[in-house]
Each structure stands twice: as structure tokens, then as C-alpha cells.
């Protein structure tokens, strides 16, 4: 079945080029001299290890000679191989007199090895391509949904960052400038503002301390209010806004707005 | 188990390999005419009953999906670390240094109002814990740092927080007595307090920095 | 048929849902420690025997694939497969069987110089990858096949290549010097050899036929 579904072109022209004449016309169809040699060797239809190197050399030299009639620019590789085979052939034909190395037998064996190796690779490539291939014969899951994922957030902070934040906060608080603790006591200024506001509405004498704010009766704040109000009243008297009187020691101090026109 | 029929195998492979869910018409197009597609799909569903994957029909089209209960087992957990915002860090530092401390006190110390998420976040991370209620009107919850906090920051005890003693000595960490409300005084301070409050809102909004 | 174990269901769902083939380590990470992964995979393969899809191991990783004999039924033929030149195919086979192998060795085995586009093409398809440099003068780059190659041809390991054992046994994968005198003669003819290389380039350019 793999044959019928094989989408690759059949890349080996060897079988179709089985006649010698086809070789000559179609030099470009070969991938180098080794390719030609392999094709020629296959024509001997014997095990590549037992191939007749002499016959092979003759066939190749004939091929090159014929090919040169058609293509004078025949590639160097072909000519190198032709030269080498001529040399090998001459060595093989000579009686084994001198022991030059490499011996012609060894050279012939090397050529056989190369041919066998190339054929093995071609066979491997063919078998590889006959395997069912992904996306062509086999399919992976077309719509794999993927793996759901969940993100674990890990909050990180170093001790240095923690202290840094606190220090920054401290610095920020300080940089707001010096802020005295808010005055808890009733200040002279508070008393002045308050007395000025109240006095306009009081036509007659009244107990000065009865005018203090209701909500601060008792405690240190009340006492501060008493003293600051007294001081404020003295100041207002000096300015001529109010009059003060006291019937006797420890008697209530009375206050009233100074009548208009009476002068200071 | 009987060997599956050729038709069933085709349906199975087709559902599996198709890039999109396939309609019953499309399935029929792959099979000899007259094949009972519905029966095949029922057979397929039966076969996959109780397995890790199963054929499902959505919007009139079929596909294989992992069984619903497999989702937690397949989940990939990605860890992502995030840095804390300045507001959260500062809040945490204040709790660490001033504990036990109420929300109102944190706001007072920071001088800005606390965004809602900040304490929640710290609680979720496990760095703070509630610790009883303050015995004042409204009984506000008090906060302390947790053992998780000590562990994360490599501390044995809260007292090991460096600098605390020095800061205390400088009076920087002293809590001032609360002021009794005096109308006039409040009026004087009113404007500044309001301005501070606004700043706090802005900062609260960025309670959670989104940093990669 | 007995109900599949929870572990088997997880393996099944995991292989199915993962966009990439998964290693046995990755599978183990999803299961309780000490689970016999190999036994589970054998069990899974048994279950899918004769069905339309089956678990396969390629490049040491597992995934589901449609059964090979389903091919004709599934063929959609949306895109025509690339046609590779003989040079590209042989080069791929040489890299596959002889890896790691240098460019010079590929040329020696084929007995012809390699056009530039051939390796590029195989690299582009994602079937080969460079793999270190040979420790000989010139430090030539060596080539190997990639996991993508194994996956495409459904091979678990390079050793599973068809006929590899026989080739090895016959000594055909041994490294041998080039035909000695030929090397010498080639050096003499350096200039001509370069011209030949150019011709090779032309051929390489048509290595990939784009057929609609």
C-alpha cells in the first residue's frame, strides 16, 4: 500500500536506464561517477562483493568515452574516476611482482565497499520513505485541547523591602514638617475669639464664667478656660470693648459690653 | 471485548485527527453509503464510557474531549511571583511594629485611608491574623502578624524586627493619646485632615501593583 | 472489560490533551509516586490494539496517532507533500544512518559534491540539526537527525531505523578512508572540482518541488 501512496518521486532512474545507450544520452541523470558505477555494477546482477572490477572498469571507461562525444564538458569527477579505474585496471592485470601499497586487491575492495555502502544507503532511504509518515499516513490529534493551567501567585517581599517601606513611611511623616501636638487647653486666642463673639449679644452685666462652654465643665481644660477667659477679658477691657466689676474678694466677676459713646 | 468494526475505527480515527469538530454528515462522507452513523456514535460513546477521553457532541458536531473529571489532574501549575505594592508593605510594616493594631489606627499612622483589598491580601497570603477586639466603643478588630510572617521574613520573634528599639527610643513609634473633640480645635485642623484623606483614596486604589 | 484504573485514565487524558508528545517522566509527574508507568503504557497500548487510534512512542515520547491502516480513509490531501530530490533523500538517509556525519563524509559516500541547498532544505523541514564539531583539522560541523525526524517517521530511536542493524553488521556504517588515489587526484584537479560544485547547486535548487 505504501507504494501506491508514495508521494515522493521515484528518485532512482537506474532501472529505466537499463540499456547502455540510455547512459550515454543521459549523463545528467546520474549523480556522479559512483552513481554510474553502481548502475553498471547492478547490470552484472551478482553480489556487489563479488563483482568483477575489471569488467566494471571497462564498462565505465566505455561510458565516459561515449559520453564525451556528446558532452565535452563532462565533469571532472567522471574523468578522475576514469583515470583511477584505468590505473586500477592496469595494476590488476600486471603480475603481482612489486609489493607496492596499496595493493590493487585492496583498492578493488575499497571500491566495492563504496558501492555497497551507497546501495545500502539508497535501500535505507527507500525503506524510510515507505514508512507511514506523520501528516500523510498517520495523524496526530487534530484538535488537542491542550493542558489547562493554573497560576499560583507567590507574593514575595524581603525583610529589606518591609523595613524600607516602614522607613519610607516614617520619613514621609517627618517631612510633613514639625507639627506640635494639638493644643488641648483653651488658649488665650480661643478665649478672645469667643468673648468677642458673645459680648456683642449681652446687653447687661453677667457672670463671666457662666459664659464658658457648657461641654468642658471640670478638669484641667475648664481651668485653662477660666484663666484664659479672665486674661482675655482684661485685654478686651484694655482695648475698651468691655467693662469688668467684682463685688469683693472671691465674688463672681461680672462682665458687660461697654456702652457706646461712654469713651475709654 | 469484541474487535471494533472497520466503520467504528474510521469514525474514531476521523474524530481524532480532524482539526475541528465534525458533523454527522462529514462522518457519513467517510463511510459506505447507508451506514448507521448514529448507532456507530452510540457504540463509540459506550466504548469510551468511564475512560480518560470521550466523544462529545457540541453544537451538532463531534470531537474527542478529555473527561470532565480529568481537568484537575491535567492542570499545569505555573508559579508566578509577584512583588507587593508599597501600600501593602507599609501596612504590613505598621501591623508588625504596632501590633495589635486596629484598622483605624493603621489609617491614623499612615495618614491615609486603607484600601479594602490591602488587609484582605495580607490575610490571604497568611502574613497577618485577627487578634481579638479592642475594648473601645465599636469593638474594632485588632490585627497581628502571623507565624507565616515570621517564617517568610526569617524572624524568630516580632521583637527581632531590626530597628524597632531605636525607633521607639526616638519616639517615632509612640502612639499619642487620642484627642477629646473640641469644636474649635477641630475646625482649625479640618482642612489639613481632609487633604490627607484624599491622598489616602488615591493610594488605596493602587493597593495591588500589577507587576510581572 | 474491566473499568480502567484512575491512573490509566490520567495517562490517556494526558497523552490526548497534550499538544506535544510527552516523556515518561512527564507522565510520572502526573501520577502518584511509585506508579509503574511502563506497565500503564503497556496496558494502554493493549486497550487500543486494533482500534482507529493508538498510543505510539516516537523520539522517546508518547502520543496518540491514528492507526497506520487508516491512512487511505483519512486522506484529506489538503496539501501536497513535498517532493524531495534524490540528492536530498540520500543525504537524509546518510545523516540518519551514519550520524553524526560531516558534509565531507556525505559527499564521500555519495561520491559527488553536495549542493548547498540540500542541507538547508533538510534543516528547514526540521529533520536534521547540527551536532557539535568533529575533532579533526578544520573542525567541520557534524549533522544528526532531529526529534522531528523521528516523530515524522514514527521512530522511537535512531537505532530503530529500518535495516540499520544489518548495515552495522555488514560493516557498512564503519568510517573508512575515501578511495585513496582518488583523493590525491582530486587535489590535483581542485579548480575543476569547484566548477562541478556549481553544477551541483543548480540541481539543489530544484530540491523542493512546490506542487499545488
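Chains here go by letter, A, B and C, matching the order in which they are written, and residues are numbered from 1 within each.
Here is the rule we go by: a residue touches a chain if its C-beta (ideal position, glycine included) is under 8 Å from a C-beta of that chain, and two chains touch if they have at least 3 such contacts.
What you see is a predicted model, and the numbers here were worked out from it, not measured in a lab.
The greatest number of inter-chain C-beta pairs in contact is found between A-C.
Here the chain at the heart of the structure, going by C-alpha means, is A.
Chain A and chain B have Cα centroids lying 24 Å from one another. With centres taken as mean Cα positions, chain C sits 46 Å from chain B.
Here the spacing of chain A and chain C, counted between their Cα centres, is 30 Å.
The set of chain B residues that touch two or more partner chains comprises 13, 16-17, 64, 66, 74. Residue positions 139-141, 145, 147 of chain A each touch two or more of the other chains.
In the complex of the two chains, the chain B residues touching chain C come out as 1, 3-4, 8-14, 16-17, 30, 50-53, 64, 66-67, 70, 73-74.
Interface residues of chain C, counted against chain A in their complex, comprise 14, 16-19, 56, 63-66, 68-69, 71-72, 74-75, 80-81, 83-87, 89-90, 92-94, 96-97, 109-113, 151-155, 161-164, 167, 170, 172, 176, 179-182, 185-186, 189, 192-193, 195-196, 199. Residues 139-143, 145, 147-159, 161-166, 168-170, 172-173, 176, 181-184, 190, 193-194, 213, 216, 221 of chain A are the ones touching chain B in the complex. Across the interface of their complex, chain C is touched by residues 1, 5, 7-9, 11-12, 31-35, 75-77, 80-81, 83-84, 87, 102, 107, 110-111, 113-114, 116-118, 120-125, 127-141, 144-147 of chain A.
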